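The structures considered in this document are given below.
After this come two complexes, each holding subunit A, first together with subunit B and then together with subunit C.
== the complex of A and B ==
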């Protein structure tokens, strides 16, 4: 059938041609393969990761010969024995673990009200300001931000200068545990807010109004309605903050000044200071194991369903 | 008479004192720029069922939210049982509300939802289970208490919401179009259910809807709203028979407007017009006009005719014929006569 030019515009013809081409290179019967094709990049990446872990596992079973600086040929568990017995590693592990837990609790406590106000405010201006304040730090990398804190919190820094104006002697604010945790919380806050915001958006505002009309003041509405319904968001944000803090390198290195090493710093030291790849690999594997167990624990405690996976909830 | 569901229970139907339960006095609500409620005033007697009827955007929800206390009026005052409530937060008012989207708590079972207001209002914990069970029975959901909200059908969820709003014996029940989402059969069933429960408990109720049929069926009184303004407050039959203005006449029922040259608007209901193939069929009519059938719609219990009347400026008049067997159905294109009596013509001052 002949169709006049105006009734069948050029753009449609182009689309037809493109569709014909697509059907030629990707016939419809390939359709079943599409889900697998989309999984391919992810599978590739996971595969590479497993390969890397295999390599690290292999190295972790060899010790460093301090006379030749070569890895031993024979397999041994000596590195694991050192990791578990030397008190330095126990201190570092404990410090990282406790630190990541504290950072998680503090970050979630601070992020929750922020996300809540951002989601619930009726003023577009406030929402925009909160969003900007949230995204700005993303453009400033972690290392730069840590250096920023050096400038602000240093002995001659802005805070101490301000204290000096009111007659208080300079306080050592940096190079201690709390400085590291402070830096970590400040770094993790945007991640936590970004993960909490969608979870809070998913809670209909009407539920809170309903709780109010049923006799709950805001504290009880929060406790009985908002908090339980925000649990998937809290678990997700908590997991991200905890694993990122547990494995963090820059904040302990810069704000801790070498005195507050986390596991990642200890691994770095083994690889690049003492060149003991074996022990470094051992620590790395133990970190992976600890992180996985932590995630596993969270999932068993709260269930994978809390991440809105599994059975759909209406 | 005690309804069966309540026998032996502590719930006693409230006596109908002729006291004012809710009093709204010159209430205005302005959202930045939008005048959602304009100087609304009305009184509602204790135990009455009031329906606020109006098109979408007419300010019904806003008025209800003001009464519930979720918002404070820009000006004016609301009195509940005689006390000014503007400064009282929702959780300190004794108001049960059923929301348009029900707002059931998804992480609780049906029974937990119903128990929630009792817990929040610090009822005796030992008495709660029995009471929850009683109210679930009242809405005919006995035995469904352990179901999660998403395991219940739409109608059952509706009932849970009603039980939850009533279980703490509020002074006032507010319903914000909770039936709008249901299919027609279920909606009509639930309308009667609302009415039954409201009568059983005698609780003062304000229901919001845009469904004129619902308003006529369930209410003691109807407030018609448009553009944030109350157009009329009257009993259902009064609202239908003597609408106070053209808007009300048009919104409730099917109304034909016969605009007169002096600017006064006159109208006649579709069911008040008689239709016949000959003049002789219209004895007793004060006004008789000639017309041509434009369309005839068979609706089972009645036929709806659209008739073009040349003498009225080619207006299409809609006519209900409830007795189509009296004369064979008039085909489109056939000439007919329409007649009505002067007493049935509604007149509105411009």
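== the complex of A and C ==
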């Protein structure tokens, strides 16, 4: 039988060549190394961050010479001493920490019922609507959303115009602590709901029905069945909201108007206003350390929750 | 089983409150962009498209927007192969130090953005790369990489490993198996992941602020700088560009993989 050319199409030849090339680059005896070779690009990319941290650490050990505006050659711990003793940084740190705690509690309280309804509703239309309402702000970005709040809450903004109609003098709603926290809650809601939803999906609806049939009203079912079983989601969401709001820059900058700086704003100012890279790096490194300790603490206490990205536990 | 009325009411009070909170800025910006007045009021005084005309002729804004698109494209192009390969490994292979690798790859999320941004600024500065746009794209890719890996692992975990063995036992060489069995199976994850990467890079603010200078600002930074000086409705009109991009991304995401994918439990 004569083999026609078309019986072995070009695409097959290309695939053969590619296979041969692959076999040449990754011989089968390297089999065990293949996962690592596939991981290598990601490990290298994230390595940039590690390199960056190393650089921050290096700069944090040098002080700024105010006469020449050069960083000192010798290493010193002076910046750390300043970071821990100057009261300005303590004030900023407490403001950020307290703020992120409040934001976490409020965000989780608001996000939990939303995620619950979104997961449990029997109407696909409502579910889709809730999902779209969630993704739209998530995809719009912080600056634009903060700008929306400026229009609503500004001195000549909507709320004050409305108050003016009923004869109430304008209230200063912006550029205070609560405006920043308000903006942060709105910014964090999509994150929180998206972390909670998979955990709620995993709770069998029959469990709630069972609790109901044993006489528990819905509030008790919620308290004793849903909340405990949703713990991985609550841990994941709480951690994400807490760390993101603790370290946020845009909301304090835009809605706080410079008077409500969080840690990130203080770091930015050290780099771009005072040009003291050393002190700025010190603050950045301390923030990274605080954030990592928080994550580590929560992971050891509660496990990785919905943040784990590895294989399903078998 | 029907839920008791009190439960429905309490839950929906929360849901409506959250809906208002989530949508208010978007709706207000849409309204403000069509105003015919100079100062932003709501409801808008009269309908006009003059602010859109103004941004359409503004070179600064268009250039900033194009730069943002470029940054997002770089970010996505890098993230697709890197995140897909890493995601497949994490989902399917038992490797040594698995736990440590996972924690390491979560670093972009556990290191605060300001820390990552400053670190990258320092090393890019050292390498004399500041003042260019592609390092910004690379930086956006690094800080959001876990999103891509998550998306891929989620769909790779649902792939039955026997399918790959079956392909191999039918005589498919390793690369064919990868291209015809593994890759199609993780495609939904790749699509949703790359859409996420693109839109998050388009909106990325803090890292762009740190890595760009006045000549190469991206659109979010441009808006931020303008907010600081004066609030005019042309900012609302340019913000609508972001809203349109977000809406487009949601439609694409819904058509290609379905938004419900984010509700799936792992």
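In the analysis below, the second predicted complex is superposed on the first by the 269 of 314 C-alpha atoms of A that agree within 3 Å, B and C clash if a C-alpha of one lies under 4 Å from a C-alpha of the other, contacts with A are read in each partner's own complex, and residues count from 1 in each chain.
What we mean here is this: contacts are C-beta pairs under 8 Å (C-beta built on N, C-alpha and C of every residue); 3 or more make two chains touch, one makes a residue touch a chain.
What you see is a predicted model, and the numbers here were worked out from it, not measured in a lab.
By the touch criterion defined above, A:209 lies against subunit B and subunit C together after alignment on the C-alpha atoms of chain A. Of the two partners subunit B and subunit C, more residues of subunit A are touched by C.
Applying the stated contact rule after C-alpha superposition, one finds that A:256 touches neither subunit B nor subunit C.
By the touch criterion stated above, A:220 is placed in contact with subunit B alone, subunit C being left untouched. In the superposition on chain A, A:292 makes contact with subunit C only, not with subunit B.
Touch criterion not met for A:99: it reaches neither subunit B nor subunit C.
Legend: residue contacts after superposition of the two complexes on their common chain; A:236 is shown touching neither subunit B nor subunit C.
In the superposition on the C-alpha atoms of chain A, the part of subunit A touched by subunit B in one complex and by subunit C in the other spans residues 209, 212, 217. Subunit A meets subunit B in the complex at residues 204, 206-207, 209-217, 220, 224-225, 228-229, 313-314. In the complex of the two chains, the subunit A residues touching subunit C come out as 15, 18-19, 22-23, 26, 35-36, 38-39, 41-43, 45-46, 48-53, 55-56, 59, 110-111, 113-114, 116-119, 127-128, 130-152, 154, 156-158, 161, 185-186, 189-190, 194, 197-199, 201-202, 209, 212, 217-219, 240, 243, 246-247, 249-250, 253-254, 263-264, 267-268, 271, 280-281, 284-285, 287-288, 291-292, 295, 306-312.
For subunit C in complex with subunit A, the residues that touch the partner chain are 1, 3-4, 6-7, 10-12, 14-15, 17-19, 21-26, 28-29, 32, 39-42, 78, 81-83, 85-86, 88-95, 98-99, 101-102, 104-116, 118-120, 122-123, 126, 138-139, 141-143, 145-146, 149-150, 153, 157, 173-176, 199, 202-206, 209-210, 220, 223-224, 227, 231, 235-236, 239, 242-243, 245-247, 249-250, 253-254, 259-260, 262-266. If you check the complex, the residues on subunit B that touch subunit A are 68-70, 89-91, 93, 95-97, 99, 101, 103, 105-107, 116-117, 120-121, 149-150, 164-165, 168.
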